[in-house]
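Please go over the structures that come below.
Paired with chain B in one complex and with chain C in the other, chain A is shared by the two complexes that follow.
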Partner chain A sequence: MAGLTSFVYNTVFRSNVTMLTTVFASAFAMQLAFDTGSDRIWDSINRGRQWKDVKVRYVQKAEDDDDE
Partner chain B sequence: MLARSALRSARPVGAAARNAASKTASRSVSTSSSTAEGASSWKTNALPVGATAFAIGTVAWYAYIAGRDVDAMTPAEEGLHPTQYPWEHAKWNKTFDSQALRRGFQVYREVCASCHSLSRIPYRSLVGKIMTVDEAKALAEENEYDTEPNDEGEIEKRPGKLSDYLPGPYKNDEAARAANNGALPPDLSLMVKARHGGCNYIFSLLTGYPDEPPAGAVVPEGLNFNPYFPGTGIAMARVLYDDLVEYEDETPATTSQMAKDVTEFLNWAAEPEADDRKKMGWKVLAVTSVLTALSIWVKRYKWASVKSRKIVYNPPIKSPILSKLPKPTNKS
Partner chain C sequence: MPALANTTRAIARSWTQHSLPVARAGCVAMQSRDASTSTFESPFKGQGSTKIPSFGHYKKTGGDENGPKLMSYFMVGTMGALASLGAKATVQDFLVNMSASADVLAQAKVEIDLAAIPEGKNVIIKWRGKPVFIRHRTEGEIKEAEDTKWESLRDPQKDADRVKKPEWLIMLGVCTHLGCVPIGEAGDFGGWFCPCHGSHYDISGRIRKGPAPLNLEIPEYDFPEDGKVVIG
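So, the complex of A and B:
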């Protein structure tokens, strides 16, 4: 525990620049992860209901019409 | 966790003292009350019982005067209350079903649109929800819209674009009234929000036309009987019949299926933001629950020392002031 604390202190909090960089980078990463994860959960709950699930039929159909 | 254990360890000392104190206190109270009990009579209780009865009586009287429902209209004028249906798209974790929206839009276009406008829906909002860009563009181009005035100030006609709004069936309200026996078919854009009962009301109305009005019902000339419509006399006749439209996905087009699809479509038209709103709501709940837990922890952490401290008061040792005086010597 003590080793971990001192490691974190030495690598992150010791220099202000490093700490700010860590804060902004982790905020960006967590935002990305949260949005991606919640979108994935939402899409799995609503599978087959949203346009992105349905549109395959109609886009496919339009291309077939062009071929004919 | 540290704060909690500190709290625990501090407790026994104080608790023992408190118990001792409360025990003596309760004993003295019980002894005094037992002596009073012997002397009590109905006179002692008359005031509280009377006051309670008066309070209950006043509240009951007020509720009788002002608390009852006051109906300005008879039940027939209110209309039959619609049944609650388990709408899948109305659940907090469900989006609209795009396939159902597509079917509902087909019903709107083939049936409702002959009388009802949908003036707040542009073609662009159909894209990515109900149809592809190409389909929406083709649909828009079927109608003509006014151009901006040209160099001579003339307004010409141009085919519709994605940014145009769905055209209404009539030029204006007066034309609509003239074509419909004086009744104005309302715009359906916000109809789900605009009517008490929302989806349930619209579905019940569309499917609720009886074959013939019940005995004793007065149906004015030119109106139709529908128990769900306030006043029961509605200018719109029953429009949905089995197999009225032919769905492209080969869903059987029963009356209730069409009514359900068009209701869901109208719900989308009234609340196109609902899907995003629900998803954002869940995200907000997720983030704020973490923040709430965090703030509770911080509060407990900061208060741990305050809650577990013990304040001790040591009174100064009092000594009689006379003892500080130099003692007289008894050496005389």
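So, the complex of A and C:
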């Protein structure tokens, strides 16, 4: 435990540059995770009701109409 | 008089000699009585003002000394990350708000089926309120456009810089002189001729004769698949 905390302290927090880099990188990662996660939650709540879910049926129908 | 003076002096001296220890003792007695009855222990009592109260109670005993440091830095870093996230989202929202919306972008593009244009024919379409010339050039026209000595022209430009596919010449149909629409397949150089002030453009849309200063402008376009062109 002591080794781990001192390792993290020395690698991440000791130098200001590495700390700032880590902060901005983690901000980027957090945004990515938040966006994909909220999109997934939205899609799971609205499953079967969005255009991308029902598109298959209507596009198929339109092509059939063209063939007829 | 001298006897009286001597007597008062002696009394005064004896009084001062005795009264001071008495007063001091009284003070000490009061102090000690106060100390015994009050629960407050002054840290400056007795030993002077150099006695420092003990903060040993707050001292972390044993364990890792990096732990609390790590925790506070982690909190600072998380705060910074969240703040930068919010700042970035705010700025991005404003910038997105200022950029063109999806319907405007959709209207700004025109898709044309090139299979309908036979070789050696011009087509004029409207794009963003301006005419666009599309010319399906023949082999001879391509050769003529490429062999022209472009270095000595008024607006020197290679034919390869003006087309993405040599057989398709796509350019804005607005004369660079005063904005008339040139006539196709006319003029001294087999290209376009502006009837307003007599500018002659060649088969690559380059100005060859007349008052216009620049070649006909090339819009942004792309061939997403064979036989299709998207302008814009």
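For this structure, a couple of remarks:
As a working rule, the second predicted complex is superposed on the first by the 59 of 68 C-alpha atoms of A that agree within 3 Å, B and C clash if a C-alpha of one lies under 4 Å from a C-alpha of the other, contacts with A are read in each partner's own complex, and residues count from 1 in each chain.
Methods note: a contact is a pair of C-beta atoms (placed from the backbone, for glycine too) under 8 Å apart; a residue touches a chain by one contact, two chains touch by 3 or more.
In this text the structure is predicted, and so the values were computed from the model without any measurement.
Contacts of A:Y58 after superposition: chain B is touched, whereas chain C is not reached. By the touch criterion defined above, A:T36 reaches neither chain B nor chain C.
In the overlay built on the shared chain, the residue A:I45 is in contact with chain B alone; chain C does not reach it.
Residue contacts after overlaying the shared chain place A:V8 against chain C, while chain B stays out of touching range.
In the superposition on chain A, no contact is made by A:T21 with either chain B or chain C. Shared interface residues of chain A, touching chain B in one complex and chain C in the other, do not exist. Chain contact summary for the complex, chain A toward chain B: residues 34, 38-39, 42, 45-46, 49-51, 53-55, 57-59, 62.
Within the complex, the chain B residues that touch chain A are 93-99, 102, 128-132, 134-135, 249, 275, 279, 282-283, 286-287.
Residues 64, 66-67, 69-70, 73, 77, 80-82, 84-85, 88-89 of chain C are the ones that touch chain A when the two sit in their complex. The touching residues of chain A, when paired with chain C in their complex, are 1-2, 5-6, 8-9, 12-13, 19-20, 22-24, 26-27, 30-31.
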